[in-house]
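Here chain A shows up in two complexes: once beside chain B, once beside chain C.
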Partner chain A sequence: MTAKKTVPPTLQELAATKTGDPDMWELRLYVAGKTAKSQAAQENLKKLCEENLPGKYRIEVVDLLVYPQLAKGDQIIAIPTLVRKLPEPIRKVIGDLSNAERTLVGLQLRSTRS
Partner chain B sequence: MPQPAQATINAPSIEQLLQENQELRRRAQEAEEILQALHRGEADAILVEGVHEQVYVLGTADDSYRLMIEHLPYSAATLTPESAVIQINASFIDMLKLPAESVLGKPIGEFIAEDSVSEMQALVREGLQGNAKREIVFERGDGTTVPVYLCAKLEQEGARGSCLVISDLTEQRHYERLLETQEALRVSEERLRLADRKKDEFIATLAHELRNPLGAITYAASIIGKSEIADASVKWASEVIERQVRHMARLLNDLLDVGRISTGKMKLDMRRIDLATVLDAAIEASRPIIERYRHTFEVIPPSEPVFLTGDAERLAQVFTNLLSNSAKYTNPGGRLCLTAKKQAEEAVVSVSDVGVGIAAEKLPHVFDLFYQADEGFERTKGGLGIGLSLAKRLVEMHSGTIEAFSEGLGKGSEFKVRLPAL
Partner chain C sequence: MGRASTNADSLKHSLPKAQTGIEGLDQITGGGLPRGRPTLICGSAGSGKTLFGIEFLVRGATQFGEPGVFLAFEETAEELAQNVRSLGFDLERLVEEQKLAVDYVHVERSEIEEAGEYDLSALFIRLGHAIDSIGAKRVVLDTLETLFGGLSDTAVLRAELRRLFRWLKDKGVSAIITGERGDGTLTRQGLEEYVSDCVILLDHRVNDQLSTRRLRIVKYRGTAHGTNEYPFLIDENGISVLPITSMGLQHQVSAERVSTGVARLDTMLGGAGVYRGSSVLVTGTAGTGKTSLAAYFADATCRRGERCLYFSFEESPSQLVRNMRSVGLDLEPWIKKKLLTFHATRPDAYGLEMHLAMLHKLVNRLEPHCVVIDPITTFANVSSSKDAESMLIRLIDFLKSRQITAFFTSLTHGGNALEQSGSGISSIIDTWLLLRDIELGGERNRGLYVLKSRGMAHSNQIREFLLTAHGIELSDVYVGPEGVLTGSMRLAQEARERAVAMTRQQEIERRQREIDRKRRSVEAQTAALHGQFEAEQEELMRLIAQEQASADVLRTERGRMAASRQADNPGDGKSAIPLRDTGGRK
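== the complex of A and B ==
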């Protein structure tokens, strides 16, 4: 599975990817294999971050088909879900992120930037 | 959760309640968001908690089913009870050569060729009773038509309507037509073969019947020529008759031989023979025509005796034909040459002349039956276009080969026969 290169294999490793950099946006995208929306969400998220957070973001993609147990921490029910881990507080956006405006508002990226 | 310093042990403080309230609101909002997202179809997978967490991918089963229908080699559509098109697959679009939006929602009748409309109505009616099959002609967007085999079936689940499965018959029709053409060709080939055989039989009978009276004519002519009343002109006339009859007999014999070879009735008397004997016979037989044309005739015999297995008479006929042919197609006073030698394990006999030659494009046809290189070339030279063909067939019956060479028109020609030598 392609998830191998994007998903840390253990919870420990996953936790270790967190950094204390306050300017860094830590985003985690939960996907389910290669469903249409999972793939769209990955592409949309990458584009969105490049345009709005260049050089200030880190994306982890978690494939729940491979690691369903990883959903617990963020209480994921619907997939795909994007979770903003940092800056706090945690925010979630569900869907393929194709609506950029709604995604940015959901991440509170609009207000934090202005 | 941080505990306010003034908090009593039993009752939560206002701040605690407010904080709890805020947390509950947040969770309620999140739940609301999830529900709405699901409702809007924004998620295509759900994580279900059981003994283990498990991801259910929504729509996956439907997707593969839909793909299967899309990629079937058959066109398919579903209709409302009023025969309006509500679903179609890619094949259907391809078949009609129309964009999906101009098909969906329209009565199916709009896409049926006029002649087929009543048939289609009956089919849909029968389809709603259960299922039905008929041949229908669709009309495409570009006005062309496509014959199809259409199955209509009542939809058992959900809204009443019918489901159409359509197999394009175009290819099958092509195939059927191909088969018909093939059959027609086979019949016509058979007829031609029969006609050809009848022709061969007819030629054989004709040659036979025409040859029969010749003996009597020759005999009668010789009696007239030798009788006491015969004066010079009568003698001359009887000689003309005898000579022409001999010529006619030769032609008829050739025709009979062709017939024999065509029908596989030619019998060869295979013996060990000396090539020189065969050539002597051929030279003797062609001497009259060579002399008539006043050709110079050179014979280069083999340096040592060459023996082969064959029918002496038939092989002599081969070389007679070649020599007569050369003599005829060389202007009077020309030069003919016959060379015979043993080369490797073959007897090679070549007949060459300085005659009219053969055009390059006609060279491959000189051995064809009834073929005469130049139809305009003095028809009076006679012949039926049999001699060379007969020579070739006889040589082949002796496991030999014959080839014709010519540098072109006016450059003379050479015929080379190779036969297995002993």
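== the complex of A and C ==
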């Protein structure tokens, strides 16, 4: 399937990510409200990125309770889901990212930057 | 519709139902699927699960004003729309009209890494969003099992599915969940554990290269439902389930009689034909005139201005129409007036149930007064005779419940006993006519018997069944000291009898003529004798007169002589002694 970039016009911070920097990692984390899992996922993601992609990443957090229509575009079924929009191809990691090893494999960071 | 299940009325109070609009299904479920609850539709690949779901939504949106959401796990919205377009469902238009929402959920294991705890809230959110966006009352999830292929944590999945069904109930939507049939279980992933209200099993079997689709309600909590397998078919109008069951013999009967189209046959059947709504079976070997009789029956129906549905499994309509012209029957006008509808298919075009479903559908659509099935024996060819029998019983029950007069023909084979219907349904038939060959004197002729006819005095005699250029004729057979004679033997016998009668008549006439002649000869003789007598009398009279004349002359002479002799006795000239004339004539 093709990765459609469903960018809601209301999200200004998303609009700001359209930099076109080829080295930039664009990551999107889908959550649903402020649940423990959501919080954990955000914290784990931030930590992983700082360790592995310092200064080369951008994280958007999308709350599906606020923007339910966005779930369709990225084919989200699980919460939390991390989507690597760039670099392509699209990769998805589901779960609270507590398993750092698997998260890195899922983002294909383990094979390239081990 | 709605006459089939007598318990449907009592069920209306039990559970709120969401009508599916699928032909026949609402009848066997007593009103539809449970409203506000999930229903599991399971079946193997290609059994029609997806179509079932789509039709549930489309009918809901178009007929019952209930918008629906289709959550597709296997096909994209475009693919779905394409697949059902041939069935007359325009999904795109419904989506535009906000009556339908299709969401394609793509789950691909290779794209997903699992790292830590998760739940399926996003799926709920997606579904919830779709439901809320169009105010959906119906939901179809096709098929959830794909999730098991895409996600590895089955413990989480199961917990989430349980939550999903709970959530669907709370949402108050009538949902259909489809599931692929597993080995020995209804669904591969045991979805039936979660859906406890209603489970429907679709089945697609192939026997002898003929496929038959069947539907069975495995369970339906709170509803007395038919537990049978119901055949269903998928055609250009979607799914139609055949709600034919044995109807408990409670149908109303009519005392009205209808003509069979052959006057003499009506006479044999108590003088008035068969009862409306009864079933008539004509059995006979090949070429005994079953189809002709059926055609006459159809013709009589149309003549009354009633509709007739003619199922022909051996001849195409045009061939049948042409052939019937040869026996003085033109069916064409009835077809043009739409009183007569032919439905011709090859018996092995589809399975038994498909035939029955087709039949049922056409009867529902056309509402005929009479149905002709020519012949029913073909059904036995496409399945076991037991199946065929049960099907025919259901069919007859169905037709009877509608007061439709049924006319079946049945082909018996030469080797079989003649009094065999070929499908074992003779006991439930009301009027049974037997056409048989009578082979005699080097020719075959047709005989017709009324084997039985319930509820009327009927003739026990055999009639010769003649197909002539101006129609069917029944004539008396010759029953005499030499047995039953038909055909030319009958004609010969009749000729012989005529000859005998003629001879006798001639004899009588001859005798009468003889009497005449005798009388005439006697009269002639009498006349001759009379003439002779007259002649003799005349002669005698003449002699007498002569004698007298002679005597006078003699006396005169004697007187003169005496006078000349101066006799002393001049007197009166009379001689005392009469003188005999001794022949001295002249």
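Quick note on the criterion: the second predicted complex is superposed on the first by the 98 of 114 C-alpha atoms of A that agree within 3 Å, B and C clash if a C-alpha of one lies under 4 Å from a C-alpha of the other, contacts with A are read in each partner's own complex, and residues count from 1 in each chain.
Everything below uses one rule, namely that a contact is a pair of C-beta atoms (placed from the backbone, for glycine too) under 8 Å apart; a residue touches a chain by one contact, two chains touch by 3 or more.
A quick note: this is a predicted structure, and the numbers were derived from the prediction, not measured.
Visitor: Return first, second, both or neither, reflecting whether A:I76 touches chain B, chain C, both chains, or no partner chain.
Guide: After superposing on A, A:I76 lies in contact with both chain B and chain C.
Visitor: Tell me the contact category for A:Q42 with respect to chain B and chain C: first, second, both or neither.
Guide: Touch partners of A:Q42: none, neither chain B nor chain C.
Visitor: Applying the document's definition of touching, compare chain B and chain C: which contacts more of chain A?
Guide: C
Visitor: Touch test for A:A32: chain B only (first), chain C only (second), both, or neither?
Guide: both
Visitor: First (chain B), second (chain C), both or neither: which does A:G95 touch?
Guide: Touch partners of A:G95: chain B and chain C.
Visitor: On the A-aligned overlay, A:L65 touches which partner chain: chain B = first, chain C = second, or both, or neither?
Guide: both
Visitor: Which chain A residues are contacted by chain C in one complex and by chain B in the other?
Guide: 32, 37, 64-65, 68-69, 71-72, 76-81, 92, 94-96.
Visitor: Under the definition above, what is the set of chain B residues touching chain A in their complex?
Guide: 30, 33-34, 37-38, 40, 42-47, 52-55, 57, 60
Visitor: Contact residues on chain C for chain A in the complex?
Guide: On the chain C side, the touching residues are 103, 105-108, 111-123, 125-126, 128-129, 147, 151.
Visitor: Quick one: in the complex, what on chain A touches chain C?
Guide: 1, 30, 32, 37, 40-41, 44, 64-65, 68-69, 71-72, 75-81, 90-103, 105-107
Visitor: Where on chain A is chain B touching in the complex?
Guide: Within the complex, chain A touches chain B at residues 32-33, 35-38, 64-65, 68-69, 71-72, 76-81, 92, 94-96.
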